[in-house]
Amino acid sequence: MTTTRVEALSDGVFAIAMTLLIIEIHVPHVDTANASALGQALRQLAPQVVAFVISFLILGTFWIGHHNHFVHIRKANRTLLWLNILFLCTIAFLPFSTAFLAAYWHQPLGGVLYGSNLLAAGALLWLHWVYATAGRRLVSHDLADEVVYSGRRRVEMGLVVYSVATITAFLWPPISLVLFTMMPIAYMLPGRVDRHLEQ
Amino acid sequence: MTTTRVEALSDGVFAIAMTLLIIEIHVPHVDTANASALGQALRQLAPQVVAFVISFLILGTFWIGHHNHFVHIRKANRTLLWLNILFLCTIAFLPFSTAFLAAYWHQPLGGVLYGSNLLAAGALLWLHWVYATAGRRLVSHDLADEVVYSGRRRVEMGLVVYSVATITAFLWPPISLVLFTMMPIAYMLPGRVDRHLEQ
Amino acid sequence: MTTTRVEALSDGVFAIAMTLLIIEIHVPHVDTANASALGQALRQLAPQVVAFVISFLILGTFWIGHHNHFVHIRKANRTLLWLNILFLCTIAFLPFSTAFLAAYWHQPLGGVLYGSNLLAAGALLWLHWVYATAGRRLVSHDLADEVVYSGRRRVEMGLVVYSVATITAFLWPPISLVLFTMMPIAYMLPGRVDRHLEQ
Amino acid sequence: MTTTRVEALSDGVFAIAMTLLIIEIHVPHVDTANASALGQALRQLAPQVVAFVISFLILGTFWIGHHNHFVHIRKANRTLLWLNILFLCTIAFLPFSTAFLAAYWHQPLGGVLYGSNLLAAGALLWLHWVYATAGRRLVSHDLADEVVYSGRRRVEMGLVVYSVATITAFLWPPISLVLFTMMPIAYMLPGRVDRHLEQ
């Protein structure tokens, strides 16, 4: 089994999850005679817009991680397909968690649900990579140890931050938002993974 | 006619049906001053979340089945395109059946509609495979009988379970839910089909 | 310019338009203590389900037509890209026309809007083919005249039936529904186009 | 890193953003005994339909621009992936801006939000091209200067018009609509970019 269609299905789920995020932001209904009321209604959408951007970028980090895995994964088997489908299930759930966070970001439950969703996604992406690379199961036999480890560490970094953010949400909900925002920014910086990809 | 675009359209419909499932789960509106009310509102979403996960995994089994067919199908003709489109029509209908099941899982009609939808999808996937392999019509001439039969049996297993679950829904609705949940778990186990794919 | 991404974008729009159709069918809210009320509420969804299936199959005919064009179209230019985008615009509009038809199928306006949408899609598909094949502009130089003409006649057949159905909708709305339903069934039968594709 | 999956994700986001535009147009609810009321309700949807068509065509111009970039971009790195994801974020936001414009096109805020969204998309597409071509970073080493400059100028033309339209929206909202409509028509005309692609 080649990986072409696995990647096509995954790209589809990512593209839709990313774009569906916008559906949760509704156009406000205001009396059009009152221009300042419209501006105010728009400003009240700020939490939703911020949540949209954060989730879009976080989906971007997961997509890049998934993409980097399949640069190295040469073939698929039933277990890998299912690990991927379970991973995609957590990705498809994110538009709900995002809308929930946008509505209840000032409450512990908002950040806890959102963080748990990201943790589940990260854990499955980690399993996906570990399963594929253990004993070079589904990757090239001569894939460097360095690539296997740096790929794993990159996902583990996310797991640590999402855990901290989820715990923080219990105590100081707004601070967890700062942590969620910082993650994609950290992932934008090039790392060891890239050095290998560019060689 | 090659099968590239047939697979692309199918992956698209699957990816969207999977991701649209989440749209049916709405963020609850509660008085934010009351934290315990929010937790309770979230717990009341449990049937929807369970239905989301079951349908996502069942869509996963259909996608893997469809994917496995196209590992062997070499070309397409008008009849195959239409069998595929009718199959995709039942896949695209599943987000509605899922939302209906989530709302009325304790009523016979919930499981009956859901089970009938799965039966229709399974029957069309069965026809799709039988049509393509009869007389090796659209597959390689030297495809082993074993592959043809094990592929067919795999779909028939689903048809039997979905029939039983649909009948059960008439009598004991909650028990049919257990059967629907067991199906994707059974499909996660490797079978004869995989042995052939790995050779 | 190759046609790979044109086909990818088109498959995406088709897959989404097909799957979005289901979003217009809402789960009815009934008192769950009353089982017969649920059955009745479900039966009242019949026009929506019929409209869903008709539109899904009609989108199927357009997709197969579009697919058959790109079997022969070898390259793209700006004009072809735009004809394709305008065609996709009419495809993306169909979920609205379908929901409108489901709500007002017994009124002239329901069938007229739906038929006009199909006519616009058909006219743009016709233009797309005529533009690409005129003087063998974007197809192989040795493409047989027979292929060019049978491809064109196939689209023209649709234009005639959609015109008749639209006019019929003015006078006897329910009869136009029969005509809309017959179209995909007629397109399921193999024609001259297929004979060429299979050679 | 090859660009195949970057293009697949982008085509997915474009196809979904284009098709989601229709979701914002709701079927009106009118007393079906009154045929003229239905016609009137349909006519009241005119601003939404116009906004749908304008946004579909503008998304078409961005898609063609993005497509033309990837005809020349040979490889991807982390920075390019992120510029692309930020660009897609502005594309995914457009269904909201479009619905907002349809509701408030006669108010400055309608056109200002819409124009700002297009400006953000255009600015990121510009950065994407400049980053990829600077020092021939991710394109072929012998790509002609002419191609680099004409590609850049094409995006800059859009930035100028969207700036003017946004400023106009502050003063005469309806006139900004005319400018937004003219853009895709101007982009439909072939330019220097095409001459290079056809050689």
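Every chain is named by a letter (A, B, C and D) in the order it is written, and numbering of its residues begins at 1.
The definition used in the following text is that a contact is a pair of C-beta atoms (placed from the backbone, for glycine too) under 8 Å apart; a residue touches a chain by one contact, two chains touch by 3 or more.
Values in this document were obtained by computation on a predicted structure and should not be read as measured data.
Engineer: Have a look at where chain C meets chain D and say same if over half of the interface residue numbers show up on both copies, different if under half do.
Structural biologist: Chain C vs chain D: different; shared/all numbers falls short of half.
Engineer: Upon optimal superposition of chain A on chain B over Cα atoms, what rotation angle is obtained, reported to the nearest 5 degrees?
Structural biologist: 90
Engineer: Tell me, please, which chain's centre (mean of its C-alpha atoms) is farthest from the centre of chain D?
Structural biologist: Most distant chain from chain D: B.
Engineer: Taking each chain's centre as the mean of its CA atoms, how far is chain C from chain D in angstrom?
Structural biologist: Averaging C-alpha atoms per chain gives centres 25 Å apart.
Engineer: Measuring centre to centre with CA averages, how many angstrom lie between chain B and chain D?
Structural biologist: 36
Engineer: At least two partner chains per residue is the criterion; list those residues in chain B.
Structural biologist: Residues 8, 11-12, 15-16, 20, 23 of chain B each touch two or more of the other chains.
Engineer: Under the touch definition given earlier, write down the residues of chain A that touch chain B in their complex.
Structural biologist: Where chain A meets chain B, its residues are 1, 5, 8-9, 11-13, 15-17, 20, 23-24, 77-79, 81-82, 85, 88-89, 92-93, 95-96, 99-100, 103-104, 106-109, 113.
Engineer: In their shared complex, at which residues does chain B touch chain A?
Structural biologist: Checking each residue of chain B against chain A gives 7-8, 11-12, 14-16, 18-23, 25, 27, 29, 32, 35, 38-39, 42, 52-53, 56-57, 60, 63-64, 67, 70-71, 188, 190, 194, 197-198.
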